[in-house]
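Next come the structures, one after another.
In the two complexes below, chain A is the common chain; its partner is chain B in one and chain C in the other.
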Partner chain A sequence: MSFDIALWLVQDGVTNGAIYALLALAMLLVFAVTRVIFVPQGEFISYAALSLALLQAGRLPGVVYVLVGGGLVAAALDIALALREKAPARLPRIVALYVLVPCVMAALAWWAAPRSVGLPLQVLIVLGLVVPLGPILYRVAYQPLASASVLVLFIISMAAHYALTGLGLVFFGGEGLRSEAFSDARFKLAVLDITAQSLWVVGASFVLMFALRLFFEKTFYGKALRATAVNRIGARLVGIPAELSGSLSFLLAAFIGAVSGILISPITTIYYDTGFLIGLKGFVGAIVGGMGSYPLAVAGSIGIGLLEAFSSFWASAFKETIVFTIIIPVLLWRSLRSRHIEDEEE
Partner chain B sequence: MKHRLFTALALAGSMAAGSAYAEITIGVSLGSTGPGASLGIHYKNAYQLMPKTLGGEPVKYIIIDDASDPTNAAKNARKLVSEDKVDALMGSNGVPSAIQMAQVAAEAKTPMMVLTPAILSPAVAHWSFIVPQTTELMMGAIAEQMKAKGIKTVGYIGFSDTWGDLVLKATEFHAQAAGYKVVTNERYARADTSVTGQVLKIIAANPDAVIVGGSGTGGALPHVALVEKGYKKPIYHNHGTVNAEFIKVGGKAVEGAVAVTGPLIVPEELAANFPTKAMSLDFTRRYEASFGAGSRNGFAGYAYDGYLLLNAAVPEALKKAKPGTPEFREALRGALENVKNLVGTHGVYNMSAANHNGLDERARVPVQVQNGTWKLMK
Partner chain C sequence: MRERTALALFVALLAAAPLALPEFYVTLLNYIGLATLVSVGLVLLTGVAGVMSFGQQVFAGLAAYSTAVLTTRYGISPWITLAAGLALTAAVALFLGAITLRLSGHFLPLSTIAWGIAVYFLFGNMELLGKHTGIADIPPISLFGWRLDTGREICVLIWVLTLAALVAARNLLDSRAGRAIRALRFRSVMAESFGVNTAALKNLVFLYAALLAGLSGWLYAHFLRFVSPGAFNVNAGIDYLFMAVVGGAGQVWGAVIGASLLTVLREWLKDILPKLVGFSGNYEIVVFGVLMIMLLHRTRDGLAPALARLAIAAKVRASPSPAPSLEKRRQPQPGETLLEARAARKQFGGLVAVRDLSFETQSGEILGLIGPNGAGKSTMFNLITGVLGSDGGEIRFRGERIDRFPPSEIARRGICRTFQHVNLISAMSVIENVAIGAHLRGRRGTLDAMLRSDRAEEAQLLYEAALQLERVGLAEHLHETAGSLPLAQQRLVEIARALSADPILLLLDEPAAGLRYGEKKVLAELLRRLRAEGMSILLVEHDMEFVMGLVDRLVVMDFGEKLAQGLPREIQADPAVVEAYLGGIE
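Entry: the complex of A and B
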């Protein structure tokens, strides 16, 4: 292998690794706060990427139906709870959050679809369509069983994953889509021919990571999430509602997923079920990083990206095998080194 | 009110009477969800265009989804033969799924229309009829194209699944006769976000041409990556790739891509004396009328040709036995073997005991992406 090829592969690996790193962060965040292994993370990628491609093609993305329908279910659950607890004062807020927001976003998408409104607005609309799905998913699927064991929560995740993939097939169809590149520019750097899109991916990922760090260190809600991650009961005792932190972490996870989807949709063809595999690699990255430390998860994910790039050069038929097999030695090593912690401390 | 009740009763009565007649039951398993859904949906659509009769008798198609999973396909096939006592099986859109179904069909002594170019063991093949062109037949057209251009070395990149294996095997099958050598065997998955590694390896080997063994939009990823990395020589595709979505996804990068396909993709451009012109044109028009302009594809045609073959064989079988009996299934198998000169949407079928596919060179046409659409190569 020549030096140029190695450089190319590094560039490719870092671009993909940056996406995996974002997803690994979202996985870690959700796991630390809610103990949910967030399998449906990948669906947000597919939903966002396909919605963007459809908007660019002048069609209304089917995700609006998922959004409005899911919002109605979430609202119905919350309204029933409010009425049972005789707290009608909560009703306006519930309706505003779960009915009004989705309907407004759907209307906006419906308005924007036939017009070419430009990329920035299209990206904002896609975020507005996909991000609210996070809290809605939490409300409908997870909140009723939020205190269940990790295993039960994991099974809910699998169910949510299958349900969302199925809805994706219904609303997006089986064929893949690819959106237009943010810019066609290319930069020459020694032997490398770097596309602006890959710079976008890496740049946006690192900006987002930095923003997340600021959010957790400086803001009130960020600190509340960190407190919940450190000690769930303690956080509840000092008055941080479990529903709020759950909902907030899902909102962030959905946001990260949607951003990843928007970033990669011009690089590759996205299918309704592509997101799962990308999310899974983010999960592998998080595991390589020990499923506890954010910087290690980022390093682990970049490592996965590089491993993938090099194995696709040397042994492309075994690429996935190599990437997923890496979990076994990592887990072995970690379980030998760290003492076993009971996850059911409550 | 009373009148309406009477009508309903009469209707129910006539339906009950109808089922007492010889109704033919066809069991179909398709992967209309799961990884193969993009193809499975087209196959499933074709059943909406089929008439309500088969060989003049009323027919019932039982279509079940196998989620593109071979184990499910086998389960579906078992359920269809044991519970529904189907007279014939049809399916599925993945090669591994179809092989599993054919196995069950052979055990249950039920004729089966295999809707993918699967390769079956002789014992299983006795009961199965392969509707699509073999990959060898199709890639033969690509080999001819390459021979005409004097291509000596070929880089291969295909799916890391059975389809990737089949296209590679067919490419190597013609290598000696057409005078080329396959120099790389790279693999990728439909859901991959990047094929940079594989493409770099091909460019390093610098072959005279590249053959892509993908299907549908999945074929676009390596093509676009090759063009982006500055590969300027011809890139060839197989018949699984030919649809409008491929061009939509590939954009300008796939302009000039050459592929082989069944005649029903370009029926308007076929010569007036092309044997399948009328049939291909009629099917493509009806399909696009129902499922939108530009929705034409080869996959729906396979399901429809499966129907046409059964339609031709059923009258013969009915002379010997009644539907729903083992004798009818045996007679249907025999009649299918004797179908001669049947014009389908993909080609002309001439079945025999030794050849359960029966297609020839008339079932393939070379096509090229020109100005954003697939055009027949003259």
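Entry: the complex of A and C
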């Protein structure tokens, strides 16, 4: 392998690794706050990538049906609860959040689809279509079981993954799509030939990570989420509702998932089920990084990106096998270090 | 006996099915059997032992591909390739189990998904395995010259094996090893302190589940006569777990229910959904996902318990009939020194929880270890029982140093404990809970249990448990679930469980905590009677009143140190003790 190819592979690996790092952060965030292993993250990636490609092709993305339908289910659940608890004052807010917002976003998408509205507006519309799905999913699938064990929540995640993947197939069909590159520019830096797309990806990832850091350190809601992650019962005692932190963490995760999907869609052809594998690589990155430390998760994810790039050069048929097998030596190392008996909560 | 009738009816219907049903339904029945085999393993692994795996399709795939390659390329008999496939499955399962089963909670299911994906892509890209097209023309199985080359014929073999697996799993759960497996999920600390090697047992259950999946894979290859990676992708693993959960992950028969329901539902949905949507694809996963979420919102126990309530009345069980007594230890001479702590020490960071504590207990006495809350009593208790490792000094039992031993080794030497926070398996009957105490007095393992060659020993164990329950006054409650008893009686069950281990020294961790006055009197009476029968007891308590009229000698701890030691009368008069308990006068 020549030096040029190696550099090119490094660029490729870091670009993908930056996306995996974002996903790893979302996973750690959701797990710390809600104890949910957020498998359906992958579907948000697919939904966002496919929606962007469809908008660019002048077609209405099918995700609008999932959004409006899901919003109606969530609204129905919350309205039933509000009526049972005799709190009709909550109704306008429920309708605004779960019915109005999805309908407005769907209408916007319907208006924008046949017009060439330009990339920035398309990206905003895609975010508007996919991000509200996070809180809706939390409300419909997870909130009724918020106190269940990690393993029950895990099964719920797998079930939600199933449902959303299947819906993706129904509304996007089986064909793969790729959106247009944000920019075709290339830069020569010594021997290195850098594409503007990878600069976009790496730049956007790091801006987003920095923004998340500010959010968690400076804002009220960020601090509330951190408090919940440290001690769930304590956070509730000081008045942070579990529903709010759950909903908020899913909103952030869906946002990260959608951004990742938008960033990756010009690089790879995305199918309705591609997101699952991409999301899981974020998980592998988080596990390699020790499942708890944000900086290590970022490092682990970039490592996964590099491993993927180099193994696709040397043994492209076994790329996925290598990437997902790396988890075994990591777990081996972890299990050699830990020796304790631990009881699951009943 | 109604359960047996139901089973006989089920078997009769099954036997008639391959003869009477049209081809399509026989095929469906075959798929159900194959799925049941895998989900029985998952019921034991996930439902009972609490180890969640989304990777069982890997084991099915390994065995299926082994037999496909060996029979088509080298013409080896399927029966030999069965052995080879299972050997490969076992090797992989033992390796994966060894490195991942020690990990807690969510790491394991995540890693099962990861290796599921890894192996799927391996199957799909290896030249030897026919890449994504797979391997065709696999020969049928021959049984004594009879070629099982139609669905009807292999249906018999599939269901004989499936029923055998179901019965074996049920037998296993109702045995010495089964009780230990049922403790793995929520009560592994307790199981360790009665001598169960929980790590080895988890590996064993994992191995068994993998072998069942392997058997299913082998049958699958010779039933379809064709294997391809598609049958062993991640979704297959998710489906198997859903089957176990739908059926009721703690119920052996739930595996049949879950496998039947999901298999039939999938066939039906594959038929109607494309008509609704207009083009074909695996849309059934939407329905599966939504149903799964709805099911878990309503019940986390699956369908089997609800169906069982409808179909089969609860069995009324008699007390176990007398059986030859289990082997007993030679109890030490009265007055012999049993436990010696010499300058035992435990530090948590800067806090010294136990500071160079020394004391000893003698055979035939009740020694009270008392002190106010936070004095370090429980830490000392954990040092003796091996739950915590000590940071200095030594602890000896009958002269042998035990402070480096794990809980199971300490139990083996005759030190048996109760737990302050009652540590019973609440869904299991009282007598079975107590029988766990006698774990080390039995020998029969999982294989004996599955084949029911453990019944003589099992009768001895249960009879011993019944005797000990009678000894603590719970003869009336043998078959109630442990969780349904009030706290005071649960404490007595804890003591009966420790007694059934035939202890030399009984360690009681705050047995009176949370009990009412009358209940404390009953408990004190029981402990006196045990002492009169020659039992040696170390009692850790903070309730002075309970302890004073009961114990022979006292050791008083405060801030991790020994404050005083002596007869109850002397201790009561000791000004330092009075100050520690009541506070000094300013």
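In this section, the second predicted complex is superposed on the first by the 337 of 346 C-alpha atoms of A that agree within 3 Å, B and C clash if a C-alpha of one lies under 4 Å from a C-alpha of the other, contacts with A are read in each partner's own complex, and residues count from 1 in each chain.
Convention: a residue touches a chain if its C-beta (ideal position, glycine included) is under 8 Å from a C-beta of that chain, and two chains touch if they have at least 3 such contacts.
Note that the structure is a prediction, hence the values are computed from the model and not measured.
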Simultaneous placement of chain C and chain B on chain A, clash or fit: clash
Which superposed partner A:I5 touches (first chain B, second chain C, both, neither): first
Touching partner for A:G174 - first (chain B), second (chain C), both, neither: both
Chain B versus chain C, judged by how many residues of chain A each one touches: C
Chain B versus chain C as contact partner of A:G166, first or second or both or neither: both
Touched partner set for A:E320, first chain B, second chain C, both or neither: both
Contacts of A:L331 with chain B and chain C, given as first, second, both or neither: second
First (chain B), second (chain C), both or neither touched by A:T15: first
Touching partner for A:P144 - first (chain B), second (chain C), both, neither: second
Touching partner for A:L277 - first (chain B), second (chain C), both, neither: both
First, second, both or neither for A:T269, with chain B first and chain C second: first
Contacts on chain A seen with chain B and repeated with chain C across the two complexes: 166, 169, 173-174, 277, 317, 319-320
Sites on chain B touched by chain A in the complex: 33-35, 37-41, 157, 160, 185-198, 200-201, 204, 216-218, 220-221, 228-230, 243, 245, 248-249, 251
Complex contact set, residues of chain A against chain C: 31, 37, 140-141, 144-145, 148, 150-152, 154-156, 158-167, 169-170, 173-174, 277, 280, 283-284, 287, 291, 317-325, 327-328, 331-332, 334-335, 338-339, 341-346
Residue numbers on chain C that touch chain A, as the complex places them: 50, 52, 54, 96, 99-100, 102-107, 109-111, 113-115, 117-119, 121-122, 125, 185-189, 192, 198, 235, 238, 241-242, 245, 277, 279, 281-290, 292-293, 296-297, 300, 426
Chain A to chain B touching residues, read off their complex: 2, 5, 8-9, 12, 15-16, 19, 166, 169, 173-178, 193, 195, 264, 267-269, 271-274, 277-278, 308-314, 316-317, 319-320
